[in-house]
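As structure tokens, the structure follows; a few thoughts come after it.
Chain IDs A, B and C follow the sequence of writing; residue 1 opens each chain.
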């Protein structure tokens, strides 16, 4: 879309802020566990004490969902960091030398959507946060490898790299001094967009029971447990879903905004 | 196109498939605890573990077990479900009755809606329709498909009573009830993909319309709509087909989730049940089957794109 | 008046910026008019406006007449019947001007399909004949070839075949030999001039190559900043240029060809 880059950036920031700011505050003060079960106050209506009411277990919906959002974003962030670091290293290696094996590995991700990886891991090891992180990271890895490789290659063909090589700089040093700083902005944009996908993956996996196990609340699991109440308490289903949407939309717009800003910067540098 | 080039890609994919089978086998057989005790749980008696050990053929060495598995898989023998005590192949065959039509329907809907919408946006570029559509696309890209599925159930089944909210009557009851049961799941599955397709179709068509050969065709006497439909669209569709190939594994994931929302007795549901019950033969063979299907479709899709775009395949 | 093509006070604007200013000329059947001038002088915009293919946001005023028909006020539908049939156009970029995913035979046949009622079989025959005429068949190019399998010169021949298929009254050639080597250039020009002599086709040739212009054109029109600074017969413009700009242009090309210039030439940079 041809919106002003700053507008997409700002909109993304605001959307994320709406969810993440209170979520972080709650996680800081109340911890990342689910709010206490209170059978005396099930299905409480909206009130000052419970701004969005309570769920079938008497838990405060807002606190529950925001804690879930905090946990989802944490898992998504760790997965994306993992995929970015490993993917960047592999991508740089694949850029420096013909490495069909690495590219083949990248293609493997094409056949293994996160659900299948998670299904294998959960069958063998049982549900765990680490398994879920691995599944999401493995799925994001191929794109990361390809993008890094392509970006690094466009730097490696520049004249100053050849000059640097003639001056006796080794390949690792060239990557660290010349390539990495140049592709870092692109990697940041990519990571931001990956976060959106990772949150969607996390929500899907935990909805299916293939994600991180209880007791830590999670948006996907919250939706799964509230699903039967869709007709009598539809707000229960609407709120976690809307929260996921806000997060994904926020990271998508942030990514788009960053990309546009980056493009604008490039155009300024190369008139 | 050289003879080597045609075979190289499928060969690479075959190699990849072998690696995938090793990954699946390793995950099921090498991770802590042997399959028998994983399947029976912690408080199983040593006798029953030993019995299952024998039933699964776990006495053999790992390479022998791998070879045995692959050999059987290639011959259509997908092992025996530990929970249901029936051949896995018959379980899958039964479940495919709803899964396969669901994926096909979703793919058709996604392309059938995404392509025309993208074309309309591109040919009305900059209008309210275009900006509105692209905004909607951004929104639908951000909605989790299973939540969309729930919301649609709420609206179309529980409130409007148009379509059934869950379950699958099977094809024996007639085509119409079965299709009605699959409609909502397929739409829920297709919407996010249609959004991505529309966006991609739009940018691909805009890019194609700015090419020099479009001007050549116009100078030849093609009308504005003639050049759009007969010249630009066929060219712009090629990358969209490539995208469709990439969307396929995503659709598989979506199917597993959507089947869960709508309680459809499909392969996704089967996989989840098997995971929860530690039914290793089912998990191992079903995952392998899905991966194989995705790979084969990927090879076919690539072949189709290469056939449509004569430039590919000559220079790499 | 038996003249074929009349352009009177043609002006083109984009937003409020004038691109072409009051250009007028006349073309007789069988004659070649060359339009020359530096990059950005509006030559290509002129060519596009004559084909009714100005990009969106461009507006043309004045008069363009093909025999007795006024073209400027025509509907899009009418234009489609004129383009390719009565007006043919060849473009500069042979590498990108052909559709990469269709066979060249089909692309040439399109011109017949759009403007004639010939049967499929007849179109095939006509296409083959045309490919022979433009010298594609002799270099072994099959109608089943794709553009990427051809050389630049062969692609330009395909484009020429597409433009000449319906025997247009006027061929507009926008720098169409610029990307070719000298030998291929001569062969292409020979093809075009033969059509002029045998069928009375008129040619509007846009080129910054003054040598080429002098060899082939009957009339020359010199453009600068979107306006015509001088026009006349090739002999009169080349032998006795009136306008200082034309004089500078000629001086540059003559001296530029004979010795290496010390300073970059501002007039003849890359073609637009």
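To be clear about the criterion, contacts are C-beta pairs under 8 Å (C-beta built on N, C-alpha and C of every residue); 3 or more make two chains touch, one makes a residue touch a chain.
Predicted model only: the values in this text are computed from it and were never measured.
Chain B has the C-alpha centroid lying closest to the overall centroid of all protein C-alpha atoms shown. For this structure, the chains sharing the highest number of C-beta contacts are A-B.
Centroid to centroid, with C-alpha atoms defining each point, chain A and chain C lie 55 Å apart. Chain centres here are Cα means. That of chain A falls 22 Å from that of chain B.
Centre-to-centre spacing of chain B and chain C amounts to 51 Å, using the average Cα coordinate of each chain. Contacts with at least two other chains are made by no residue of chain B.
Chain B makes touch with chain C in their complex at residues 211-213, 215-224, 226, 231, 234-235, 238, 308-311, 314.
Interface residues of chain A facing chain B in the complex, by the touch rule stated above, are 1, 104, 107-108, 110-116, 119-125, 196, 200, 203-204, 207-210, 220, 223, 227, 230-231, 234, 237-238, 240-241, 244-245, 248-249, 252-253.
Contacts from chain C toward chain B in the complex involve residues 51, 53, 76-77, 80-85, 88-89, 91, 93, 96-101, 110-111, 114-115, 146, 148-149, 159, 162-163. Per the touch definition, chain B reaches chain A in the complex via residues 12-13, 15-17, 19-20, 23-24, 27-28, 31-32, 38, 131, 134-135, 138-139, 141-147, 150-151, 153-154, 158, 246, 249-250, 252-253, 256-257, 260-261, 271-272, 274-276, 278, 280, 283, 287, 290-291, 294-295, 298.
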